[in-house]
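Common to both upcoming complexes is chain A, partnered first by chain B, then by chain C.
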Partner chain A sequence: MQKSKSWFILIILLVIAIILSFGIGPTGFSLSDLTIPLEVRLPRIILGIFAGGVLALVGASLQGLLQNPLVDPYTLGIASGASFGAVIGYMFGRIGVFTVPVFSFLGALVTMFIVYNLALVRSRITKVSLVLAGVIMSFLFSGIVMLLMVLTRKPLTEIIYLLMGRLNVVFTNELLISFIIIFILSAPVMMYLFSKWRSLNILSMNEEVAESLGIDTQKLTRNIFIASSFLIGLVVSFTGAISFIGLCVPHIIRLIYGPDHYKVLPLSFLLGASLLIFTDLVARSIAPIELPLSVITALFGVPFFIYLLKKRL
Partner chain B sequence: MVAIEVERSSFSYDRKRVLENLSVQVDAGEFFGIIGPNGAGKTTLLKLIAGLLKLSNGNIKLFGESLNNIPIAERAKLLGYVPQENFFYFGFTVLEVVLFGRHPYLKQMERPKKSDIDKAIEALKFTDALELKGRNVLELSSGERQRVVLARALVSEPKILLLDEPTAYLDITHQIEIAKILKKLNQEGITIIFLSHDINLTSLLCNRLLLLSDGKIVACDAPEKIISNEIIRQVYKISPHIVSHPESLKPQIILPS
Partner chain C sequence: MSTEIRNKFFKCFICIFSFWFLIFNFSCSSKQKSTTPKRVISLVPSVTEVIFALGKESLLVGNTIYCDYPEAAKAVYKVGDFSNPSWEKIIRKKPTLVFATLPEQKNTVEQLKKYKILVFTSKPTSVDSLFAEIIEIGKLLDANDQANILLTVLKNKLSEIANNNPNIIDSPKVYIEIAGTPIMTVGNLSYVNDLVRYAGAKNVFADMSREYFVTNSEELIQRNPDIIIILHPSVTKTQVKKRLGWSQITAVKKARIYTELNPDYFFRPGPRFIYGVEDLSNIVHGVWVKKKIE
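== the complex of A and B ==
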């Protein structure tokens, strides 16, 4: 009963988010003309569900795998690595619609392994060294992204959106098809992460105990890194890097529903999706111009991060 | 039947020899103690038997089968491993943690079944920890935690239990409590490898002791043969008094004043 109830509340929240986002905007809402809601707002809702869900799912998986409350795609620098990859992809632009997502994935993957190895001091990883390595790489890649975009004479707003996130992607037919294909490709990858709930639970005890119970922790780490990079690469190639969703959502879920990854992973996906849609709604409603998403997520994310830093380490 | 066979095994770490050319056999049903000074290589030996470290040279067999040839899931059913430090990162309940031990028996996505939960309850009863069932593991005392960790190892129904200083952080009440549980387990036929710094406790519990020093075997025999003034002085560089335990007559050491 407990389980069905928890799903129920989060699904209602998501439905509310979708309805509000569908109905609210500068041109308002009337049933007689649904062009704007259907053509402008619906795509960003779908993108929001995908991006928010993936960010939170990956955040939850990485927090469980690395037993570190401070990690998410953003703090580990994977998101900036993916942005960097995306920019490189843009520069090669004409090869095909998948150039940007593929480069973005590679950027994320390479960053993840660099960060992991930077944090590895005498074959041990501390919670702080991992985040420190992530922040360092994040600075580096953000800097390079800026440089490359300025050199290729991209407008400053593009850069800001790439580094701070947006959902107002203009879906051309070509882009729409690539999005659908990517969505289908990422389904089994997400399923893989969901399927590892028991291993992630056991890892929360002790890596050696997990090994002694028959879990190949090295293989698991490698696979989750690759799966996470893949998903984040795809998301970032569409939305740019969005902060804090991946960090906060799993904590909120664990606080309410307990630490069992059987629940934490799918419920994080649901809450992440709703939160990102709400965030987008705020970002396009409170100011005359549309704000990058990370502006909003940082406003509630940073206090949360400070709280974790003070309390949990 | 031979449960564990370590054959001319060596292990090096960062070019440093930790264990050198070790050979030892443990029969099924033994209560086998491993003692020795800090840095002797006790934990390394235990981890090698558990398959957590790879041998540099030699071979280790469990029930006649080379460790390398045993699939990781089968090994998990054969061996229960309890490390010295047991951290928990998330606040799972005690029952949930004990159920982790059923992992080798469950399929990829399978939730623990009623029968798994029954086994977990049984294990908790065995370690006298049933009343902790619903508690948050982060809030347990050291003694409680140790009983829960033991139950977690038992629920995998291992034939061999590898214990790395299970009594290290416990007061004497809880030490005796754990000792009693281990004795009971041993009587049920589980082979126990008990690593400890507590020479007196190992003398009382174990039928045989392996004394390691500097990665080599000093002696491997009954406690009466190992715990002698001569050997202790040679290995630990102190000269303790050695007396017989008034009840069991096992040798006990009294520290020099």
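== the complex of A and C ==
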């Protein structure tokens, strides 16, 4: 009963977000001519569902795996690593539509590997060392991105949007198709993360218990890391690095629905997707000037998060 | 004896007088104009172009790595890039006058002022203010005549272009795209807005009181420009046509998309702006062909 209710509420929320985002825009909305909602707003909505959902899902998986409430694609430096990869991809020019996503994925993977090894002190990982390593790498890669873009004479605004996120992608048919292919390709990876809810539940009790129950934590960690890098790399290559969603959405879900990963993972996906669509709606409703998404996620998300935190304490 | 004293007194007087005369002269001249700065550094590519156009390139002892026009500007000593000129390299050249721009070079400008080095900050926001600046640069470099000649040439060319704008009742709406990820355009605080106006057209975002900003597809589709000018290299004409939803825009329907213009004509407020206005005007009249090299 409780379970189906929680699903229901979040799906309704997502549907409302989609309908609003589909209907609202400077050209208005009329049922007789759906060209603009379909061609301009719909790709943005799909991108929003993908990006928001993936960020939250990856955040939830990593928080469960590392049993660390502070990790997310941003604090672990993966998002910045992916931005770095994306910039390298841009510098090679658009050889093919998949150049940027591939480089972005590699950037994310390499960063994650470095962060993990930096945090490994005497073959153990402490919560502090992990976040510290992540933040350090995040600074490093943001710095390198800045440097590269200044050297290639990109306007500062472009850098800001790459580092702070946007759904303002001007799609062409090819780009949209390649994006949908990527979405479909990443579905099995997402399913893999969803399917690991049981292991994550056991892991959150005790690592030794998990080992004794036959869970290969090493392998699990490696697989979740690769899956996360893959997904974050794809998201960042399209939207840039969006903060807050990956860190806070899983917390909100856990505060409301409890720590069971069977719920946390998919519900995070749903809430992340709806929140990002709402955020984007705000970002483009101040049009004709668009704001970077991270600005809005920070302004609206953080107070809400603080409220939830205080209420529970 | 008395003649000797008188002589001494006279010498003394001459000395004191000439000393004060010099001081007076010097203070006057520094207030007004006549000390010609012999060592000039330009941190602004457009000012470098103005200096060359005034024929005063011999005074130039330093510029930035972005100062690449005319060809000879490349050979001048480089003090760094546009946003981060090296303070040490500037000082090493012992400049008496530095051209800079705000707000990008605020730190350098403040430092130069602290060291009592004459700074001229260039920031033209319109064609008129560019003209005023050319006159001032002419004064500073002792090239008043050359500046006036340059201005006459530019103004004649402008009015020639204006006369060629044959009774355009509805001046076409032009969309200028300056970056592709995300798409960015210019508002009415931008100098480019003025160039569009001189070419007999209207910036489709002329109501926005900004220099440049990020916009989105839908906003643009609603504003429906007649002409699309792409001033960055990241997209081709066919890619612009294929952008989803853009097929509704008049410019795309009529295939009036231009990607081959030289961005420097628009982003560098120097003498070459006239080529930008000319190209735009030709585009407006539908007679534009890509020139090989100007």
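The working rule: the second predicted complex is superposed on the first by the 293 of 313 C-alpha atoms of A that agree within 3 Å, B and C clash if a C-alpha of one lies under 4 Å from a C-alpha of the other, contacts with A are read in each partner's own complex, and residues count from 1 in each chain.
In the analysis below, a residue touches a chain if its C-beta (ideal position, glycine included) is under 8 Å from a C-beta of that chain, and two chains touch if they have at least 3 such contacts.
Not measured: the values here are computed from a predicted model.
Kindly say whether there is room for both chain B and chain C on chain A in the superposition, answering fit or clash.
Once chain A is superposed (C-alpha atoms), there is room for both chain B and chain C without a clash.
Examine A:Asn117 and indicate which partner it touches, taking first as chain B and second as chain C; both and neither are also allowed.
Neither partner.
Looking at A:Arg254, would you say it contacts chain B, chain C, both, or neither? Reply first, second, both or neither.
It touches chain B, and chain C stays clear.
Is A:Arg198 in contact with chain B, with chain C, with both, or with neither (first, second, both, neither)?
Only chain B is touched by A:Arg198; chain C is not.
Per the contact definition in the header, classify A:Thr152: touching chain B only (first), chain C only (second), both, or neither.
neither
Touching A:Gln67, do we find chain B (first), chain C (second), both, or neither?
first
A:Val40 contacts which: chain B (first), chain C (second), both, neither?
second
Looking at A:Gln218 after the superposition, I want to know if it touches chain B, chain C, both of them or none. Which is it: first, second, both, neither?
neither
Name the chain, either chain B or chain C, that contacts more residues of chain A.
C
Check the superposed model and tell me the shortest C-alpha distance between chain B and chain C, rounded to whole Å.
Nearest C-alpha pair, chain B versus chain C: 41 Å apart.
Mind listing the chain C positions that touch chain A in their complex?
66, 81, 83, 178-184, 205, 208, 210, 212-219, 221-222, 234, 239, 242-245, 248
Give every residue of chain A touching chain B within the complex, in rising order.
Against chain B, chain A makes touches at 64, 67, 195, 198, 201-202, 204-206, 208-209, 211-216, 254, 258-260, 262.
Note which residues of chain B are touching chain A in the complex, please.
Listed in rising order, the residues of chain B that touch chain A are 47, 50-52, 72-73, 75-76, 79-81, 83, 85-92, 96-97, 100-101, 103-104, 106, 108-109, 111, 152, 156.
Note which residues of chain A are touching chain C in the complex, please.
25-27, 35-36, 39-41, 43, 90, 94, 150, 153-155, 157-158, 161-162, 166, 168-174, 176, 284, 287-290
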